Amino acid sequence: MPISRIPSGIKGLDSLVEGGFPAPSVILISGTAGSGKTTFAFQFLMEGAKKGEKGLYISTLSERTEWMLRFMSNYEFFDPKYLEDGTIIYEDIGKDLGTLDNMKLIIRINEILAEHVPQRIVIDPINVVNNFVDNYRQFLFELVTLLKNWSAVSILTGEIKEGEKYPEDVGYTADGIISLLMKTEDNVIKRYIQILKMRGTAHSMALHPLDITSNGIEVLKARF
Amino acid sequence: MPISRIPSGIKGLDSLVEGGFPAPSVILISGTAGSGKTTFAFQFLMEGAKKGEKGLYISTLSERTEWMLRFMSNYEFFDPKYLEDGTIIYEDIGKDLGTLDNMKLIIRINEILAEHVPQRIVIDPINVVNNFVDNYRQFLFELVTLLKNWSAVSILTGEIKEGEKYPEDVGYTADGIISLLMKTEDNVIKRYIQILKMRGTAHSMALHPLDITSNGIEVLKARF
Amino acid sequence: MPISRIPSGIKGLDSLVEGGFPAPSVILISGTAGSGKTTFAFQFLMEGAKKGEKGLYISTLSERTEWMLRFMSNYEFFDPKYLEDGTIIYEDIGKDLGTLDNMKLIIRINEILAEHVPQRIVIDPINVVNNFVDNYRQFLFELVTLLKNWSAVSILTGEIKEGEKYPEDVGYTADGIISLLMKTEDNVIKRYIQILKMRGTAHSMALHPLDITSNGIEVLKARF
Amino acid sequence: MPISRIPSGIKGLDSLVEGGFPAPSVILISGTAGSGKTTFAFQFLMEGAKKGEKGLYISTLSERTEWMLRFMSNYEFFDPKYLEDGTIIYEDIGKDLGTLDNMKLIIRINEILAEHVPQRIVIDPINVVNNFVDNYRQFLFELVTLLKNWSAVSILTGEIKEGEKYPEDVGYTADGIISLLMKTEDNVIKRYIQILKMRGTAHSMALHPLDITSNGIEVLKARF
Amino acid sequence: MPISRIPSGIKGLDSLVEGGFPAPSVILISGTAGSGKTTFAFQFLMEGAKKGEKGLYISTLSERTEWMLRFMSNYEFFDPKYLEDGTIIYEDIGKDLGTLDNMKLIIRINEILAEHVPQRIVIDPINVVNNFVDNYRQFLFELVTLLKNWSAVSILTGEIKEGEKYPEDVGYTADGIISLLMKTEDNVIKRYIQILKMRGTAHSMALHPLDITSNGIEVLKARF
Amino acid sequence: MPISRIPSGIKGLDSLVEGGFPAPSVILISGTAGSGKTTFAFQFLMEGAKKGEKGLYISTLSERTEWMLRFMSNYEFFDPKYLEDGTIIYEDIGKDLGTLDNMKLIIRINEILAEHVPQRIVIDPINVVNNFVDNYRQFLFELVTLLKNWSAVSILTGEIKEGEKYPEDVGYTADGIISLLMKTEDNVIKRYIQILKMRGTAHSMALHPLDITSNGIEVLKARF
């Protein structure tokens, strides 16, 4: 019984993971500031929306919706109609951080999931929660447990420090971990993507060059 | 009086440890995310099941049983009949974490052991317990003491940070430590296995290349 | 709908970020001591003032206004008339640190913003707040949330330790991150600038040499 | 007045320390997991037993006596008769950890020493005590003070992290420190021994290759 | 309006900073033990005294005055008459540390400043205060704020760990930072000086060799 | 007025520090375990004793006097008659640690100094105090202040971790710092001595090879 998969929406990525992300699954997208995590997340949601899959974007940043979408609207893959017609839902839990405790925050997220029943879920960025909850590792454990109870593909974005590969707090419980890397070579930052973990998947073990253009993120053919 | 041994189920590994794991013993399998710890653990249990040895898999992740098994079912070594006929038992203590204190968690694990009397035991991953108990090092000490009172071969999987070789919290009390390594060479991740410790055993001291295919984990002949 | 942009005031920088900083946005300028963060901030404000844009400089250092301005007055870009005629406002919250709690400090900054309604905002340096508030990461989160509610371009300067690229406390929520680097090469410190993140902008990924002269900061053409 | 010495029981070691360990003295044997600390300790006790010297092995691991001895019994130097006839005493204080405070644990160890009056003492591994007592460094200080009141040669084994040379908590008060090293060279772990400190002794300052075979630990002639 | 400057008293230094230290200003002199921080400070005070400028040396070490002066008296630049006639005042706040809280210590230093109204101020070493006050970073912030209210040039000496360039606690608020470096080259320690920051000053960016002789500290011509 | 100096007792050392240690002064001797700190200290005391200078050795280790002296008696420089006739006094404050608080410990040491009025003082090793007092850095500050009130040359030995050069807690207040280094070169530990700081002294800046033989510590002529 082969594992069912869905396309990631990132050009050049699916062929590295046997055709797409396992469905259901919880995938961690990690990278430093500016590595393209939010862009990755929106490409993932837009890909689903084009096929009618309901998407949910949960922001932890307490920004007005327009603020973030303005930056995304520069990308050609971004089609605002899916936000307008409710195929993609934008929710902000930034205002709940600091007022809700661990358990209530989990309950709040569950309510959002129950209301929209999405097939693709994004929580971006997950690490900001660390500033507010008492026990971040417990929260992550319970959040991933919650997400695994919904038959969706969930993406958590995690900002890491330079030199880290992924946020170790959540690595063991994620089904997949993809690292967006920025390496300084000859005084220029080069972008790479690496699949560190993808359960049930014979995935690429290589560091693949990446480009971010007006088309969004694209995995390039390596030229080593 | 030679030490009795049991086959590990990992192709190419037994010849590096005088024919198999000492029985009884407590073995630590360490590796970063995506290094194959869970796959190793299930190969170990399936190997025993084929010979009629009762196996116990204790998950700490609070996942529905199907979630994990779905990913494992892609491997050719995986035979679901052993889970169906009770040769391999799947128990989840994830839901007990956070509600039971150190001592009660030890008692709970002891009850599971007493109920099933397994010959092969897996606790995967052990490090998640660190998020919940007051004194993780004491817990590990008492857990390994408990396991040594059962005449089984126990495998604890431990997720480590990049650059670590094994979780130092548990190294001294384990009878064996095996490290699953992922090293980036020429922009590709290469997999290796290294036996750091195996009491009573003249074990290999080399870094052996490893492959993970649909057959599971296999230790390759080194070609240095 | 292209993103509107404003010139940074730094010679040679705008061409690296599609013509200027996105407006509105929150930009983090990071660098070690002596890297030119305050000079950058005043060039940014003077550039706006020349075009009639109202600027606000919030100092966290509790210095008499003359103290800092004296050092700035050596630069040719610096025109004191804009401070005299109120185009650029100099406010000091250094005296409020240690007496106001997190929430009251946010309210105090909001009051300053409401009084002056600036188009360009500088808070310099932001990291000193860390010595006074209980939860610096929460404060940063709430400060950036506040700034995003004003339709201005805000610059936060952050002093970093050598070896750091940017203050990780604030990276995820900033729309842009620019690093002012000082690298010792052949026993001489060389200055560089690097744009690590600029949302909605196809920005340069290179390390660009920088010079600080009586004209202020200037990005040089790379000669690698 | 030359210092009296006793043979260590490790082939090739005594010639590096003017003929043997100073008697009395407290010696620290440090190494990572799998480096041979317990094997070293038993060779040391067996060497004494052959000459009629009473030995005491204090385990901190709360293992059944048979568990550890089973692994040791594979070595040719190991003669179980010395454990049967009481020349070597095996005591377990693992069960006392967590129930006794610092002072009572010291008193307990003193009682064991008073009961058996050994000439050779081993406490293996000492670092596990760190998980249980309030102030480990104070405990170590008092333990070594206690051991120095008995006219014996005492060996404390200490597990260290990779990259450490010895446990710094106890270095200053030990009369000798011997490091069992495992270095990865050309993808193979090589074993070495190094004498870092031996009071009153003109000791070797070199890194000596080591082998562990069915004969136990043996210091090899260096071939640099 | 050019910034007014005063000579530093260090031979070869003034030409690297447009003729001298900006007046008023707060300058941080950092270096490891033995790097010459106290010698630098006394040269600075003696230089002023020769021109009739009143100097104040505040020691934090609780040493009898003779103890430190004895070591300084070996230098040819050192003229005891300036201490005898009150041109240079030696005050010790070491005895106040541990008895005064943060605020009272600031008040105490302010009283000393008000009593003597110095043109050149030294506090040597500032970091010892860290052992006594509750919040060292707040103390530093308030101390520098205090010093900026006096129209003097103040020197704070800060002892750093090897590998550090300057004490990060105080870098952002200082007007200048000078690092006295000791680098081991070919098994000999070489001395260097580096100006990391000097507000309002186009300063040297190079590492300049330094010598300490009976004439005190002298910046040498680089011979790279 | 030249600074008065006393010979160190270490062959080859005095010529590197203008003839000897400044008197009075407080000198820190730092090194890892086995680097020869205690040997250095006894050579220093024996050198004084030969000239009739009273010496005081304060041990912090709570060892019976014979225990340590036994190891020292192997050295040819060691003459037990000076301990027998009271020229050198051996005091142990190890038993006071843990029972006296910071202030009482300082008073206790002052009483010992007042009783014996030594010209040469050793406290060996000072770092063990860190395990017992509440605020070690304050204790060190007060201890050195105390020692500076006695007109003696005091030596504090400090054990450091590998990679450290000296214990940073005490560096700023010591008049001199000497580092006893052990470097592994070609798989052999080589010994070196380096004078990092010596107030009022134009000292060697080089790393000098060192040997420890039956004659004690000797500084060798460098052969670089």
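First chain written, first letter: the chains are A, B, C, D, E and F, and each begins at residue 1.
By definition in this document, contacts are C-beta pairs under 8 Å (C-beta built on N, C-alpha and C of every residue); 3 or more make two chains touch, one makes a residue touch a chain.
Quick caveat: nothing in here was measured; it's all calculated off a predicted structure.
Using the contact threshold fixed earlier, the set of chains in contact with both subunit C and subunit F is E.
Counting hops only between chains that touch, subunit A reaches subunit C in a minimum of 1. Look at the contact of subunit C with subunit E and you find different residues on each copy: under half of the numbers used there are shared. The chain with its CA mean position farthest from that of subunit C is D. The distance from the centre of subunit B to the centre of subunit E, with each centre set as the mean of the Cα atoms, comes to 60 Å.
Separating the centre of subunit B from that of subunit C, both taken as means of CA atoms, is a distance of 52 Å. Touching of two or more other chains is recorded for no residue of subunit D. Taken together, the touching pairs link the chains into one ring where each has two partners. In ring order, beginning at subunit A and turning toward subunit B, the chains are A, B, D, F, E, C.
On the side of subunit A, the complex with subunit B involves touching residues 1-3, 22, 24, 135, 137-138, 141, 145, 148-149, 164-166, 168, 171-175, 177, 192, 194, 196-202, 205-207, 222, 224. The part of subunit A that touches subunit C in the complex is made up of residues 32-34, 61-64, 67, 70-74, 94, 97-98, 125, 127-128, 130-132, 159, 161-162, 182, 184, 186-191, 212-214.
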